[in-house]
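You will see two complexes here that share subunit A, one where it goes with subunit B and one where it goes with subunit C.
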Partner chain A sequence: MIEGLNPGTILILGALLVPLTSGVIRSILLLVLPILALGQLYALGLGVWGQYEFLGLSIEVTRIDKLSRIFGTIFCIASLIGVIYSLHVKDTVQHFAALIYMGSALGAVFAGDLITLFVFWELTAVTSVFLIWASRTERAFKAGIRYLIIQVTSGVTLLAGVILYYQDTGSIAFEYIGLGSLAGGLVLAAFGIKACFPFLHNWMQDAYPEATVTGTVILSAFTTKLAIYALARAFPGTEILIPIGVVMAIFPLIYVVLVNDLRRVLAYSLNSQLGFMVIGVGIGTELALNGTAAHAFIHILYKSLLFMCMGAVLYRTGTVKTSELGGLFRSMPVTMVFCLIGAMSIAGLPLTGGFVSKAMIMSAAKDYGIVVIWLVLLFARAGVMDHAGIKVPYFTFFGQDKGIRVKEAPFNMLLAMGIAAFLCIFTGVYPAFLFSLVPFEPTYDAYTAGHMLTSVQILLFAVLGFVLLMRYKIYPLEQPATILDFDWIYRRGLKSLTLAIGRLILVVWGWILGVANGALGAIINVTARTHGDGKLMARTASSGRSIALIVAILGVVVVFFYR
Partner chain B sequence: MTGLSSQFAALVVVLPLMFAPICALLRGRTLPWAITTIVSALSFYVSIELVIAVNTGGPISYHMGGWAPPWGIEYLVDPLSSYMLLIISGISTGVLIYARDSIAQEVADKHLGLFFTAYLLGLTGMLGICITGDAFNIFVFLEVMSLASYVLIAMGEKYDRRALTAAFQYLIIGSVGATFFLIGVGLLYMMTGTLNIADIASRFSEIEDTRPARAAVAFLVIGIGIKLALFPFHVWLPNAYSYAPTIVTAFFAGTATKVSVYLLIRFIFTVFDPEFAFGIIQLKDILMPLAVLGFLSMSAVAIFQTNIKRLLAYSSVAQLGYMALGIALASEAGLTAAIVHMFNHAVVKTGLFLSVGGMFFMVGSVYLKDLAGIGKRMPITTFGFVLGGLALIGVPLTPGFISKWYLVVAALETNSNLGYALVVAIMMSSLMAVIYIWRVVEVAYFRSPPEGAEHKEAPLSLLVPCWMFILGSFYFGIDTTVNVGLAETAAAFLMGGAP
Partner chain C sequence: MTEPERDKKYWLEEPKNQNKVFYCLLVLCGLLAIPDVVKLFGVLFQTEGNFELKSLLKFYSIYGALCYVALIFIAKWLRPVLLRKEDYYD
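Here is the complex of A and B:
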């Protein structure tokens, strides 16, 4: 392979081949690309490649250190799982967009400077929206537009921050930035939008449930974790992140109980899990960053596992509303088992990956000395257990049998789920694998009696709570209702203003496109007139004229050399 | 080295030269072909041995007839020339495997023996140019190669009489080029009193400010430029490539112009030394505009062609522009790009011409209008063309991508606005490559075949060598140790060899 080629570009460039293939060849291509990227990542080892001076800025296309490597590794694995899961899809646009999206997320992780980061950052935004639009419904289209606006805003904010940062420091290296200046604030805001900080979070719950079955699985793995990586790189130990993370971890739990659409439930719980990681970054100690990276790793596995299970249910039954599902364990037993493994992992049951990574972040919080954080994390963990760990499997596979009888999920979906489930268990049983990947030297033993006891206790309490609520019929279940979130304000209030601006932009854009179209047409015309078949440049000149031309040029060259 | 292996440097040229007249005496379809193929394969084997020897033991100097240079003729095998020997003999052997059925159809039976004689002489000329260390000897081999190629191109007359005029025009323009080259060498001989390249190089710095030396440089650059089909000296090439028999086109597209690129590199970097060529006389200002104009303009012309062979011929001129640009960048990275692209383009273009040859073999035409729906009629051959096309465009995992990657890196290394402009130009040219390959794909797959057209693949003897080149090109796009590794060694040798 080419020395220093950013592994992300393998996926992006490979995506260009997708439209030319079909059938088995396309499947092979799709499967090979993530494996090649992973191979490239490990073939390169640690180091820095592709440094250029561009307009006085030092670009660093590929930087692999231990922090970017663990994120890159899980991104490659998630790409592979996502590709397997979507093999049955025949939609070229989805495959194409998904590959470029995954590749640019991967590329962003290995970006060594802020400009490269920005380019990939925007690319993830622009390509991922196609996975939402691919549902081809009116709702999905509108949600996609909202999603795109917010994502591009994040990119623009990032660019503004980078420019200011360059003016302040004269460097665009993607290293610790900190909150010292306006530039740092803008960059943090840009990362915060993608990381779903409170009040910046609605795009996710809005858009993810509208994406296609396979699109949601792929979307859930990359965008937010890329933001977590960026935070861990640029803002470790920034204390403001701790309260932000705390709110993130708890706030979505309220909605989780209320919401009916199970994919939206998962989106809210995803938000809560991100809170864990943001707290980890805010604490910023080695153990905390290790925990954050490890948690992101495990989180991608179990979250995509759960999304895959819900996707399989949606694929077969056509719905993921709690009010319409129930008793599916008869029809989809294998999916049920995988869903339970995912639930156990998200709940942090011992012997699953979630246990190890959550224990690391909680220990870091305890060492940090603020008991409140530890308690909050404990509470959030119990909450997660309640909703994602129990609610999702219960209402889908058990609960009241609604008499839905469908086939088991297709083989490729089961295979993808199986790989994710295996990795969830494997990292839990054999945490040394995870520790070998974390960015700092690990000095942590997850399986002490104390940890085990704490986690089993809270989990039991969560189960107890769920059972009690169900028993006394207090649990707000199976109500098809619309839940208002913070985004109501800007979806209504800002809408008219935005529309006015939008119309103006459309007019200007239309004019620019018109001019560009005219110019392009003129260029093509001139080219056709001079380079067309039998025209000046394509004509065979007579030998005499050719020789005359040659001699003339010789004359010019001789004079040129004599000077 | 001892025994036979000590004579390898001579053998690689002498073998094809010796067997050429023997072929002229032979009749029938198989015998001359078999002998030519075996001889070419032997040359290929010897070339591999020479590459290994040079890369382990350093350059080899062989004294013809035991006469020490500068009096005798010296054969000098250094990393660059051994790389060239490898390309030329390898392409030649691959094409010859394909040749038996193809040439029997395209050339009159009574001419077959002479055809292979000319072929072997052409091979001799190319190998000789690359291996000899004597400036006049280069001219001799250049003429051997050229005369053979005029004959070979004219052989296409069985199908299209325009081959004769194409060959004649090539003869006129090619002879002018060779003459310019000879004038240049003569002037150098006049000033330095020697014809040995190493000798000229060591004395060149003393005479570099004299008028005859400057004139010599001009004559050499233009002379080689004509043979190289550097834009705008390319007039002879599209016709010659369109009307020559398939295997001649495939062989020459892969090798003949590359030999001239080799000569340009040899004279600029070994004889003149880059400091003179790019520092004092600013050769870059001549070469770079021609190269850039060349690949932009010729890619544009290729878009509008209706004859696939002609389309590929124009694309070849464009690709030569990339190589010239690599040289003009005057850096080790640029030189590596140029040398790597010689290899990569040779493999890819030969594969493309061979797949077009397969279509011609079955359909009897290379015009787009006759090839509608060819993707359904000859799926394997056409898919080979598509893969080759991707490699030509420079899609990742193909050698075209490797070459462009190095070229872009070299352009960026200049750290100037010019470098960015060059990158934009390269990208535009690649985009045009997408368009002209797409035109063929569109005709091949999206038009329905004419009524009653038979669905039949080309015979295996054509398919196998064609796919050998196609798959080979993908191999060299992924494992680049051979093509890039050797090119880097050669470039480092040339840049380091400059005093």
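Here is the complex of A and C:
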């Protein structure tokens, strides 16, 4: 342990060694780094380190409190799982970028001031795009460019907010900011882009399905949860977050039903789950913030588990399109079991982690006293059944047999999935572990008979709804398609508008050039007529004539003006 | 991907067994709904006070099924509006 070293920097510095290694040594290096970071986190304990004065700003490189520690812990675990999952990959760029990305997300969580946060914030953007580009397809390249533009916009907005905030308050401490000023608004917008607020969300559904098999798993864990952490730190109890979260929780569920690419389905479902957390931050009570932190913790586990299962399917079969998959339980039974565990956890069945963390947020919503929020959360819980409980496992592993026969996923993938699945169940069966990590003193019991009964009722009746809809062929058939979302605005709408403006500029420019050409031509013509060869102004005359003319003019002047 | 070969028949592939799963689910749902049904009688045959719509919200089973079906129908209804060819953006 190095005194006060931000655990994130361990991963970043370690990444610099990656290009120098290969084979087993690289694998060992990759595995050791997240464990070292976790060790450093717990060896340090709670406190503040690395305070410097820099240009009159007080920088605070490492700050560990209970809120940052729970996010840091799950980030370390997610790093380890991600590294194990991608051990078979022989791509230096991916390993290098992934380590710096994970390290900078971890570093951002422990940043005690807004400048350090900004540096790590931008670093996550710049490094993560390589996990998308590593697919090395044109689609991935274009999606990566769009992703990078939006992510960097978030960083620039954050910087603008930080500068204004420093002007307002004279401080850059990363504490409660609130929505009192333009500075707060800009910072919230920056966080909102990464947290996938409605209309700012499309970068995720656009880019995540284009990343590599292992890249998506790693991407899904960090960026958005870093934003949730930042919101929980700077905007707890900001009420505008509640309606934002409500829209986030519901709106993506409709897309989940329609979208064909299962990794895109999971990206929409991730968006919906973020809605739960944003509502939790908006409510801002101790129970709600505990619930948000716990839900982020569990969410990273089950979401990366589901992404890993779909990644394994993609790795083996070459597709994750619902319309092309079916009946895979014959070929990949172990992956299927892990997928079902992930599905049960995201649906929040009792004895899984999702049950505990969702119950906390829902209880906080109930205590808050607005029935609509509570109903919306219930709706989202029933709706989650569609993609998580049903669409992902059913259409992949069961459903109509499409005759795909492949090998089971590689061992390292299964191991990573196994760890995530184990933790999903462990946190559900032994919630005391989760409660020991949450930021505030937990005073909550998820396992009351009422909670268990109602959640099982909601989920099972949603399943019944699905089964009936399938049986009577009302459920919409899966078909390959693009489903329009808000990104249409900038991928088609704004593009057409820009092209139209471009054409208009071309026409106007052509007209101006034409007019200018005409004017110039006219001037040249006139000049040629007057000053051209042998023309009036170009003729030469003898000196005698000139003198006679001058004498005549002088004569006139003398006669008429001399007095 | 290898060619589909004639592999062993799985238990789940028999339509008969799929029906079994369906009926099991029905029975399970029925059992789970018992507390709700009892509550419903309580609401319908209560002797004092007026019937309140809000009290119906306590029936999670109905709510769960309704939400789910509503979601699918909203999605089905929106589908023609949002659906484009797969290479729409390419």
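FYI, the second predicted complex is superposed on the first by the 492 of 563 C-alpha atoms of A that agree within 3 Å, B and C clash if a C-alpha of one lies under 4 Å from a C-alpha of the other, contacts with A are read in each partner's own complex, and residues count from 1 in each chain.
Everything below uses one rule, namely that a contact is a pair of C-beta atoms (placed from the backbone, for glycine too) under 8 Å apart; a residue touches a chain by one contact, two chains touch by 3 or more.
Everything numeric in this text was worked out from a predicted model, so none of it was measured.
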Practice problem: Using the touch definition from the top, say if A:Phe379 reaches subunit B (first), subunit C (second), both or neither. | Solution: second
Quiz item: Does the superposition put A:Leu520 against subunit B (first), subunit C (second), both, or neither?
Solution: neither
Quiz item: Touching A:Leu258, do we find subunit B (first), subunit C (second), both, or neither?
Solution: second
Self-check item: Per-residue touch tally on subunit A - higher for subunit B or for subunit C
Solution: C
Practice problem: Figure out whether A:Phe398 sits in contact with subunit B (first) or subunit C (second), or with both, or with neither. | Solution: second
Self-check item: Touched partner set for A:Val467, first subunit B, second subunit C, both or neither
Solution: second
Quiz item: Touch check for A:Val456: first (subunit B), second (subunit C), both, or neither?
Solution: second
Quiz prompt | Touch list for subunit B against partner subunit A, complex | solution = 169, 172-173, 176, 180, 211, 214-215, 217-219, 221-222, 226, 232-233, 235-236, 238-239, 281-282, 285-286, 297, 300-301, 303-306, 314, 386, 390, 395-397, 401-402, 405, 412, 415, 478, 480
Quiz item: Mind pulling up the subunit A residues that touch subunit B in the complex?
Solution: 1-2, 9-10, 13-14, 16-17, 20, 52-54, 527-528, 531-533, 535, 537-538, 540-541, 543, 546-547, 549-550, 553-554, 557-558, 560-562
Self-check item: Partner subunit A, residues of subunit C touching it in the complex
Solution: 1-5, 7, 10, 12-13, 22, 25-26, 28-29, 32-33, 35-36, 54, 57, 60-65, 67-69, 71-72, 74-76, 78-79, 81-90
Quiz item: Where on subunit A is subunit C touching in the complex?
Solution: 139, 253-254, 257-258, 317-318, 329-330, 371, 375, 378-379, 381-383, 385-386, 398, 401, 403-406, 453-467, 469, 471, 474-476, 480-485, 491-492
